[in-house]
Amino acid sequence: MVTDVCVVGAAGYAGAELVRRLIEHPKFNLVAITSDSDAGRPLADLYPSFTGQSDLVFLPHNAPEIKKCAAAFLAVPHKAAMAMVPELLDAGVAVFDLSADYRLKDAEVYEHWYGVEHTSPELLEQVAFGLPEIFRADLNKIASNRLNGKAALVACAGCYPTATSLAAYPAVEAGWVQTPVYVQAISGVTGAGRSANERTHFCHANENAEAYGVATHRHTPEIEQILGIPGGVLFIPHLAPLSRGLLSTVTMRLTSEAAAGFDLQEAYDHYHKFYEKSPFVQLMPLGTQPRTSSVAGTNRAQVGLAYDERTQTLIATGAIDNLCKGAAAQAVQCANIVFGMNETTGLEAMANPV
Amino acid sequence: MVTDVCVVGAAGYAGAELVRRLIEHPKFNLVAITSDSDAGRPLADLYPSFTGQSDLVFLPHNAPEIKKCAAAFLAVPHKAAMAMVPELLDAGVAVFDLSADYRLKDAEVYEHWYGVEHTSPELLEQVAFGLPEIFRADLNKIASNRLNGKAALVACAGCYPTATSLAAYPAVEAGWVQTPVYVQAISGVTGAGRSANERTHFCHANENAEAYGVATHRHTPEIEQILGIPGGVLFIPHLAPLSRGLLSTVTMRLTSEAAAGFDLQEAYDHYHKFYEKSPFVQLMPLGTQPRTSSVAGTNRAQVGLAYDERTQTLIATGAIDNLCKGAAAQAVQCANIVFGMNETTGLEAMANPV
Amino acid sequence: MVTDVCVVGAAGYAGAELVRRLIEHPKFNLVAITSDSDAGRPLADLYPSFTGQSDLVFLPHNAPEIKKCAAAFLAVPHKAAMAMVPELLDAGVAVFDLSADYRLKDAEVYEHWYGVEHTSPELLEQVAFGLPEIFRADLNKIASNRLNGKAALVACAGCYPTATSLAAYPAVEAGWVQTPVYVQAISGVTGAGRSANERTHFCHANENAEAYGVATHRHTPEIEQILGIPGGVLFIPHLAPLSRGLLSTVTMRLTSEAAAGFDLQEAYDHYHKFYEKSPFVQLMPLGTQPRTSSVAGTNRAQVGLAYDERTQTLIATGAIDNLCKGAAAQAVQCANIVFGMNETTGLEAMANPV
Amino acid sequence: MVTDVCVVGAAGYAGAELVRRLIEHPKFNLVAITSDSDAGRPLADLYPSFTGQSDLVFLPHNAPEIKKCAAAFLAVPHKAAMAMVPELLDAGVAVFDLSADYRLKDAEVYEHWYGVEHTSPELLEQVAFGLPEIFRADLNKIASNRLNGKAALVACAGCYPTATSLAAYPAVEAGWVQTPVYVQAISGVTGAGRSANERTHFCHANENAEAYGVATHRHTPEIEQILGIPGGVLFIPHLAPLSRGLLSTVTMRLTSEAAAGFDLQEAYDHYHKFYEKSPFVQLMPLGTQPRTSSVAGTNRAQVGLAYDERTQTLIATGAIDNLCKGAAAQAVQCANIVFGMNETTGLEAMANPV
C-alpha cells in the first residue's frame, strides 16, 4: 500500500531535500509540492538535478491536493507553519512540521525567543518531538493515535539541537554533568537557507570562518528542553565554507561526583547501550572523531567522545548533514515510525566515501 | 539469485566508490575487497563513512576468494590490471577493468601513450568497451558470451572520454564536424586519486584553476577511438577546486555542408533520439547548460548543446561525476548489462538537489 | 606630490578592490567613495576588512567632491558610466572607466551586444584602451594629453579580454593563427559581482563547474577588437568554485604556413621579447602552466604556452586575478601611466605563496 | 641601512610566507633560504607565485651564509630548531624561532607535551616570547640586549595561542574569569603544513568539518602559560575547508564577583584600552564578530566580545591568518621591534576586501 504525501514549502533547501527523499521512498507517494512564490514553475527549473527525474510543478500552498494527502511535510518558516497546521490536522492529515512552531512545549518560551504570539498553544500538549533516538516512545504514541483517528503532529527537531543532543543527551540524562553546558557548532552554508543574501554569497562564505548569533541563537531553548536543563546551555554557532554538514562540539564539566573515578570506556559503553536500537547513530571508536563528510547526504549521525582529566570535562561531538538528519531525512524517519514502517525505509543510503 | 563479486584495488577512490555501490546493490553480493598495501586493515579505517556500515577488511590481491567470484571489478593501475586479467578470465571470472589496459583496440597506440608493452594483446579483440550509451550492443554480446561460458572482459571507459563522448558522439558520428575537435575539460580533485601529493594537497588545489597535461593526456587516444577520428582530437584538461565532478566542453567546427542551414533544434532532436533508450543521459533544455553538481554522486550525465553561427561551431558540454559515471558506477552499469539485469539496478539514486 | 582621487561605485567588488589599492597607494590620495544605494554607510560596514583601517563613508554619486578630484575611477555598471563620463571630463577629471561603455571603438558593435544606445560616441575616438601591455603607447598619449589640459579617458579592459589577450595577442598579431580562435575560460565567483542571487549563492557555486553565456558573452567583441579579428572568436566562459582567479585557455590552429617548421621555443622567445618591458606579465617555463592562485590578489599575469603537433594547434593560457589585473589593479596601473608614475607604483605585492 | 637576514626551513608554508614577507620588506634584505630536502632547487619551482619575482635557490641548512646574517628566521620543526639555535646565537645571529622549542618556560612541561628532552634549557631564561601585544616589554628588552651585544632569541607564539590569547588575555589578566577556560578553534588547512598526507588531501579536507587533537593538542600548555592559568585550559581544535584563517572562540565563565553587575560595554572599553597601542589588533564593534577572511594574508587580528547573562559567560573570539599573524608575519613584527624599527614596517597591507 502506498501513502500519498505532499511537501508544503518545497522550494527551500529542506523542502527540496524532502522532495528528493520522498521521490526515492518506496512506500510514500509524493503527489504535490507547494511554493507560493514559485507556483507554476517546474521543480527541475529551480533544482536542475531533477531534470528528467521528476515532472512535478509547484502548486500554491492552498492547493486542494494538500488536504487529500495522508501526510504533509511542512518546510515553511515558523509562523507560516502555525497558520496551516490546525486546519491540516482537522482535515485528518498527519503533519510533520520542520519549523520551530511546535518544538517548544512552553508557549511563553516560544514567544520570548521567536517574538511572535503562539496561535495554537493547545496543540503543544499533543505534539511529539521529532528526534526518534531520544523520543521514540512519543512517536510510537502518535503512530497509535493516528490509527485511532486522532490528530498526528510531529515537530521535527532543528539541525543544531539534533547534533548537539545526540552527542550530549546520554551524559546529561545520566546526571554526570554540571551546567552550564557549552555548545559550539559549525554549520555548512545550506543551514542558512536558499535565500540569496550577503551571508550566503559564495565570496562572503568561502575561505572564511566566523561565529554568529553568539548566545542569542533560537536553537538554545530547544537544546535546553531536550537536555532538560532550562537556562543551562550556552550555544555558539559558527559558519564554515562547506555546503552540507554540521558538527556540534559539546563541553560538559563533570560533577565532582561523576569525575571521581570517571572512566571513558564506561562512558562509551553507556552511550553504546543508549544507541543500540538506533540504526542511524554511529559511535566512533575512542580516539577518533566524527567527520561531517562521512554522513553528508545521509540520515546518519556520528558521535565521538573524549575526556580531559585535567579539567574534568567530557567532550562529546556529533556530526550530521544539517539538511538530512538535521531536517528532511529525519522528518521522513519520523514519518516512517508514525506510519508503522521500519524506521530506515528509504533512508539506507551511505555517504560518498570521499 | 545473488551474484558474488569482489573489488580488486578497493583502497583507491574508484575502488571505494565501487565498494559503496556494490554494498548497496540488491543483486550483487560483495564478498571480498583487496589492497596489497592495506591488507588486513578494515575498510572503515580508511574510509570512515563505512563505520558501522561494513565489516569488510582488505585482503591481498592474490586472496583465493577472488577467483571464486562470478565477477571481479578491477580498480588497480594500468599494467597491474594486465597482470591479473588473463588468469581471472581463465578462472571463469567476468572482469570489469577500470584501468586503461584494454581500452585501446590497437596495442601499438597503447604502447605509444602508456610507454609499456601490452602483455595480452590477444584479448583486445574480445573485450567490450564499457560505455553503454554508445557500445551497448558490444556489452550485450559479452552478456551472451558469458552465458555460453566464454570469457567476459569489459574495459570500462575513462572519466574524460565518458563525458566528452556523451557530449560529442552523436554529432561526430552524424558527420557534421571537422577535425580537429577541441576538448577542454574541468575535473574535480578526486580525479587525481587518493595519492597524497603536492597536486592533491588542499592548499594547492583550493582557490586555484589550472590546465595540466596539455595535449599530452593519455585519454586523448581513447577519445579519438570512441569518436572514430584518430589524430583528430586536442584534449586540454583542467583542475578546479571541487571534489567530484567533470565537465567536458567540446568545440566542433561544422563542415561547410553541415553548417549550411544548420538548425540547433534539429541537432537537439537528433541527440534526443540518440539517447532515448539511455536512462542515465539527460539532455538539457536548449539555452541551459549542465552543472556537475546536478549529477554528483550518481551515474547520470547531463549534456548541453549550443551553436555559434558566427564561427559555425557546435558546442557540446557533458557533465558527470568522475568517480561514478566516470568510473565506479559506470562499471556497475556495465555489469548489470553483462549479468542480464536492468541497466539501472542499484544506480537509481538522484543527486543532492543542493 | 599627492593626487586626489575618488572611486565612483565603490560598493561593488571591483570598487572595493580599487578602494583598497588606492588607500595603499603612495601617490594617490583617496578622498571620496560613492554608492547611491549605500550612501551614508561606513565602508567598514560593508567590507569588514576595512575595520580600523579606513573611516571612509559612502557618498552619493553626485557628491561635489568627485569633480574636485584629479582622477575618478568608475566602477559603476555600463550605461551608468556613460551617463557620468562626459561631465567628469568637462570638469577636467581624468576618468578610468571600468565599465564596457567606452571599450568598443564602434558604437554599433556596442549597441548590438549591449542593447543600449551609446550616448557619447564622439568620445570613442579619444579614449585609450586600458590594457597597458598591448596599448601602452595609447596610454602614454593620454598622459601627454592630460598634461596639455585635454580630456583623459581610459576604458579599462574587461577581465576575460585581459587574460585572453595577454595569452593570445603575440601569436595572433604575428599572423600565425587561423580563425576562429577558440577561447575557453574559467572564472572565480567574484567575477559575478556582489549581487546576491541564485548563481552567486555559496551552495549553488560550491562543488560545481558549469559553462554559461556560451557564444553570447559580451566580452566576445572586446576580445575580437583587441586581437584584430572581428567575428573570429568563439568565447565560452565557465564558473568554478573559487573566489578570485581567471584562467583563459586559448586554442589557436596555426596557418599551414606557420605550422610548417613551427618551433615552440621560438614562439616562447617571441612572447618573451613581446613582454620584456611588461613587469606584470610572467611567461611560465615551457612544460609548466600558470596557476590562478599564483597571481591572486596581485596585478600580475602568468602566461603559458604549449603546442600540439598532431593538430597543429598552439595553446596559450593566461592566468590573472579577475578583480586585480582584470579590473581594479589594472585601472591603477593605467592611472600610474597617465599620471607619469612608474607603472608598478603601489602594485608590487606578490601573491600568497600558498 | 639594510639588515641581511635568512630563512632556515624555507620550504614549508610558514617558511615560504616568511620569504615573501622578507622580499617585500623595505629594511630586511633576504640573502639566503634553506631546506635540506630541497637544497639546490629554485624557490619558484616549489612556489610558482615567485616565478619572475625571485631567483633564490634553496641552500642546505648548514650553508655558511646563515651565520653571516644579522638575523635568522627559523621555520624548522621543533627539536630541529633546538639543534641549531645555540650555535646561531653564539655566532651573534639574532634568532626568531617559529618552532615550539623555546616557547615554554618550564623545560619539564616542554618535555611532557613534546616527548623529547630539552637540550638547551639554559636559554629558556633569556628568551622573549614573541607575541608583541602582550609581551612587548620583553621584546624591547631583547632589542636593547642586542645593541649591547648579547644574544637575542625570540620564541614566536604558535598560531592557536596567538588568536586565543589576543581574545582572552585582557579578561583573564583582569581576574574576571574562572577556570577552566574552554577554547574551541577552527583552523584552515595551511595549519597542517605542506606535508601531503591523508589529512591534507583536498578530498579529505574539502566539504568537511572535524575536531582533532581533542584535549591533547600541544598548544594547550602554551595558552596556559600566556594566560597564567596552568592546568586551566581545555583546548579543542577543529579543521575546516579553508586554506588560511584561524578563529578561536573562548568561553570564560565569570567569577561570581565579576558577574555581579558585569557590563559588556565596560569590558569592551577595557579591551580597547588594552590594545590602544597595538596597531594590528582590531576590536570589532559590539554585536559583530570577526571574520577570518577579513585578516587573511595580513598580520592583523580581529577580536570580538559577547556576554551571555544566562550562563554568566564571556565569549571572546579572535581571528587571524594562521600563517601570518599566527606565524611568519608575527615573526617579522617581532624582528621589527628587536631591530628598532616601527612594528608595522613591511606589514601594512590590508586583506582582500572580498
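What to note about this one:
Each chain carries a letter (A, B, C and D) given by its place in the written order, and its residues are counted from 1.
FYI, contacts are C-beta pairs under 8 Å (C-beta built on N, C-alpha and C of every residue); 3 or more make two chains touch, one makes a residue touch a chain.
Every value quoted in this text rests on a predicted model; they were computed, and no experiment measured them.
Should one ask which of B-C and A-B has more C-beta pairs in contact, the pair is B-C.
A centroid comparison over C-alpha atoms places A as the chain most distant from subunit C. Remark: subunit B and subunit C have CA centroids separated by 39 Å (rounded to whole angstrom). The geometric centre of subunit B is 46 Å away from that of subunit D, both derived from CA atoms. Averaging Cα coordinates per chain places subunit A and subunit B 37 Å apart.
Within subunit C, residues 13, 190, 194, 203-204, 206-207, 241-244, 290-291, 293, 354 each touch two or more of the remaining chains. Note for the complex: subunit A touches subunit B at residues 13, 16-17, 19-20, 23-24, 47-53, 190, 194, 207, 243-244, 282, 284-285, 288, 290-291, 293-295, 297, 302, 323, 348-354. Residue ranges on subunit A touching subunit D, taken from their complex, read 179-180, 182, 184, 186, 188, 203-204, 206-212, 214-215, 231-234, 236, 238, 240-245, 247, 249, 251, 253, 289-293, 296, 304, 306-308, 310-311, 313, 315, 317, 319, 354. Taken in their complex, subunit A has these residues touching subunit C: 13, 189-190, 194, 196-198, 200-207, 241-243.
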